[in-house]
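Look for chain A in each of the two complexes below; its partner is chain B in the first and chain C in the second.
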Partner chain A sequence: MTEKWTNRILLLVALALAALYLFPLYWMYVTSLKTGSEIFATPPGMVPTNPQWGVFAYVWELRGMGRFLWNSAIIASGTMALTAILGTGCAYVLARYRNIWIDVALFLVLMLQVLPASLMITPLFVGFSQFGLLNHPQLAVILAVTAKVMPFFVVLVRATFMSVPGELEEAALVDGNSRIGAFWFIVLPLARNGILVSAILIFMQAFGEFVYSKSIIQAVELQPASVGLNAFMGPNTTEWNNIMAYATIYVTPILAIFVILQRRIVSGLTSGALK
Partner chain B sequence: MSAEKQIELVGINKHYGSFHALKDINLTIPKGQFVALVGPSGCGKSTLLRSLAGLESISGGTMKIGGEVMNDVPPRKRDVAMVFQSYALYPHMTVEQNLTYSLRLKRVSKEEMKRATEEVAKTIGLSQLLHRYPRELSGGQRQRVAMGRAIIRHPKAFLFDEPLSNLDAALRVHMRKEIRALHDRLGATSVYVTHDQIEAMTMADHVVVMRDGVIEQQGSPLELYDRPATKFVAGFIGSPAMNFLPATIGPDGRSVHLDADGLGNLFIKGVQDPGRKVIVGLRPEHLEVGPISTAAITLPIGVVESTGSVTYLTGSGDVDLTVVVTGRSDIRPGAHVGLSIAPERVHVFDAETGQAL
Partner chain C sequence: MNRLLSGLRDGKGFDIVLVTVPLLFLFALSGLPLIYNVVMSFQEVDMFSLGTFARPWVGFNNYIAVFSQPETWPIMRNTLVFVVVSIAGQFAIGFGLALFFTLKFPGASYIRGLFLASWVMPGLVVGAIWNWILAGDFGVLNYILKSLGIISENIFWRSDTAWSLWGVVIANIWNGVAFNMILLAVGLAGIPRDLYEAAALDGATAWQRFWTITLPMMRSTIGAVISLGLIFTLQQFDLFAAITSGGPANSSNVAQYWAWEQSFRQYDFAKGSTISVVMIAVVLVASIIYVRSTRHEVRG
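Right, the complex of A and B next:
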């Protein structure tokens, strides 16, 4: 009896917290559909009485969102590819060797995670400008974001590699494979799920990246959707419905991907690739 | 035996930092022999096997396989096959793909691969399971696949790293025979690591007992049983383990006086220095229960355990002595029994060095 009630209370608490956490998302969707007077009505309506479905097409045209989303996709894909290629090898080495230098490297990798983007942007900007990278701003952003998300990727993928038993590699070596062959044909296929899931998370993170893009990319036609959204919001903005429509268009595809892949992402992160 | 030397180890040493894992290992294995490396955990037996496979580098000495020096040769060029304790089957490949992985790496033709797979599958009895994945197999079946993966290559040597320790007791006894039969049928050279001395005794032609990185003794199983060179080997080989009792050589040099109270004197084979401190080793199965009046030792019984076929009698109090009696016994705890033993079955070891005298 008591256990049943504790469970119910805990469930209620969980639902309340979820509702609290998801409310801004709900408010975004609702506000985008409201009319101007409805937005500022007191008390605010929880459901729009006269939903304005045309707002999405209007905002898409008005702000040229195709361009922005395309730029976001380029930056996110580039970041994901670069992180996956560089990070996988790094994570493998950190997973397979154990000595003091590996511990030091791991510590430094985690240190990088601590440094905030807004702090790193100034030295990065100066450095990039000296290398002439600011002439290729999207590439510069990809490099900067890759550096930022790398620790996250390395830590996740390292855990995946550690779940692949070393004996499998040794068996492959004795069976006649080279070191690289054993990695490529035995370890990599077994770590594939973990790497894919981590790469998807990196993609999502890079898709919403703002600080580096805002600072490095001056040309509007190269800016991603996050910077475009920021430019949309001036100090005296009242067109909240349009801004929310922009945000909705921006965020819904990512949300959809997450919901579709949710089960694989969770299982890929929590369980090893084996058994 | 004048057979060709398949594996030859001369003065092998291995250091992990300051830890000396293998110390001057010398071992020659003729072609077709089944050698067991046995010893407690941490004795270096697995390290030696992994060095043979090329998974560990050796710090010194010469390692020859099939007459070629293999010290710095990578595993893939050594032509040895290894069966791992965890089987190490590739989880993302079917049984067939697991079996043929080494052949695919060697770019063997499709037809030959098919023929080899069928042959091996028949040998190990897995023909029905070729398209399953390892996760869909039972422990025993996985073990067979691991064996098959080794057999299919016709390597110069098979290396087994405790392959049976993950199986249940009944299956282990069965696989023991099967592995040995397979070895004989293939005419293979096998090195088999185990911590189970019964596996070593029953399977091997030649047993190598290791401790702390050193070969304590090597020889045929019965040689080790009959003439252990050290107290360690004597205690390791044989089940239940040999009894050890501190004793002093008597004034005639032909008998020993057991130090523990009320145990008495035993005759020994050969002559030793009178008064020398020794350890006497008595195998439980060599002690004979008889009338107290004529017995060398009188033992108060503490525990009586029967398995049905044999009965174990254990001394009470300070005397840690076990006796094995065939069949049932009507001796009850608290009784006193007389024990005698033939002089040639009394093992005598130096009290300090543990060397057999």
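Right, the complex of A and C next:
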């Protein structure tokens, strides 16, 4: 067998594995387009016979998805901005120096990364209620989610800063730049891509955040789309086509960003996550 | 004052500001809650004493109460099953896929990347999709299993106490496979090719090469991936909220969901924080193992 044919067969197997793995995603899209009676057909149809394209506008209106997605976007943008502002400098210092204090700080940051949100929410909620932060529930969620995701951001961005040669910064200092100038004009632009990709990853995580929002935000008009989806799925629900349409509207923008940036996301993830 | 300012702009002061502000933020929103959690686990906390710091101290009563409840041990057993089976499943499938994708063929790295779609999706969306796939009468999983002849009767994944935990386990394995695969692929890429060539020249079979080269060379990666798996599995909350809500009758409840339920469904914050303290201790031990196993990696 020639190499060309081996490659083709391997490619076919890879595509088959990917199709098998991503079947749940396919099933979400297909179900959303089926009619109310078609979803309960036996055997289930793999393609919708009469695609209901109107379902998306219907569910958007029915559940008030515009508001939910807007709230998700506010929480995700706030989290991303706060994380990037606080985390970038931290990652830079942790990448530039090697001594015992840096190791201790890095260890603490890694440790904070692992605390499960559903366990941290109890003390956070009680603390927030004592400091009156529950009156600003979206801000409270942004603060809590930022504390949760910042360690991950620091680890990823630190790996990026480590690939920026220190000599460039020293040269800038010799040329008369201040530390701030060298950081702002030399180091940051060189690390821009890594920071951007990590920030987008943080945005995507915060966009889907659930535990903190569910526990902290009581007012429906302030809740994000994840809480809205949870409320849509009652225990005895039968409107699966509508629920899958909701899920489709919610997840498609995230998947689009992911497919566009896939290569960068994968390489950013692999360079940072294991170090 | 001037020296302070120029230090901020030019000297160590710059670095110290950059690193202290975020660390103080993390301390305020992760460190303090951690301590507060332990404090609350020794207090009586309910809706009425929520707003005050002066709550009655009860010693170890919360711990005694939690561990003498009849549902505690079944839930702990569920947590153990959930963690062990999820990690084993994610690791085995992820490792298999990682090995397959190390075969160099055009498009391999792009298709491998597509798998990560499962990882970027919101947990609630993953939960909603699996909730529908696992549905008893009309779920597509039952249909597939029946057409393959594996089962003859529909399994009621969400409402049968014997199966509810396994439904969530299946969804969680699906969710985590891609992440395992990517991390393991990084480890595999780090093994020098010439080791395999030398072994092949010496007449080692593929099976022997796997056991004598791949596995030993992957030891620290495998350690890191499994402890990361443990950490992420103990963080899994969304799938429980979306698929079974821990039910029916706690048959699919696990510690991290139970802790939340105690606080936000029963409003028994003391009990919620007691369970949290116990589970956080478990997570911290796991992450110490993780940090130790990654320390041997090459820092780049």
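Basically, the second predicted complex is superposed on the first by the 245 of 275 C-alpha atoms of A that agree within 3 Å, B and C clash if a C-alpha of one lies under 4 Å from a C-alpha of the other, contacts with A are read in each partner's own complex, and residues count from 1 in each chain.
Please note the rule applied: a contact is a pair of C-beta atoms (placed from the backbone, for glycine too) under 8 Å apart; a residue touches a chain by one contact, two chains touch by 3 or more.
Remember, it's a predicted structure, so these values are computed and weren't measured experimentally.
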Is A:Ile39 contacted by the first partner chain B, the second partner chain C, both or neither?
second
Partner chain in contact with A:Pro48 - chain B first, chain C second, else both or neither
neither
Which partner, chain B or chain C, touches more chain A residues:
C
Touch check for A:Val174: first (chain B), second (chain C), both, or neither?
first
Per the contact definition in the header, classify A:Ala117: touching chain B only (first), chain C only (second), both, or neither.
second
Of the partners chain B and chain C, which touch A:Val93 in the superposed model: first, second, both, neither?
second
Answer with first, second, both or neither: which of chain B and chain C does A:Leu22 touch in the superposed model?
second
Show which residues of chain A both chain B and chain C reach, each in its own complex.
178, 274-275
Residues of chain A defined as touching chain C within the complex:
6-7, 10-11, 13-15, 17-18, 21-22, 24-25, 27-28, 31, 39-40, 42-44, 86-87, 89-90, 92-94, 96-97, 105, 107-127, 129-130, 143-144, 146-148, 150-151, 154, 159, 162-163, 178-180, 183, 201, 204, 207-211, 214-215, 225-226, 229-230, 233, 235, 240, 243-244, 246-247, 250-251, 254-255, 258-259, 262-263, 265-266, 269-271, 273-275
In the complex of these two chains, what residues of chain B are touching chain A?
53-55, 74-76, 78, 80-82, 84-86, 88, 90-92, 101-102, 105-106, 135, 149, 153, 159
In their complex, what parts of chain A are in touch with chain B?
165, 167-168, 170-178, 181, 186, 189-190, 274-275
Quick one: which bits of chain C touch chain A in the complex? Just the residue numbers, please.
9-11, 14-15, 17-19, 21-23, 25-26, 29-34, 36-37, 40, 45, 50-53, 97, 100-101, 103, 105-118, 120-126, 128-133, 135, 137-138, 140, 143, 147, 174, 177-178, 182-183, 185-187, 221, 224, 228, 231, 234-235, 237-238, 241-242, 245, 256-257, 259-260, 263-264, 269, 272-273, 275-276, 279-280, 283-284, 286-287, 290-291, 294, 297, 299-300
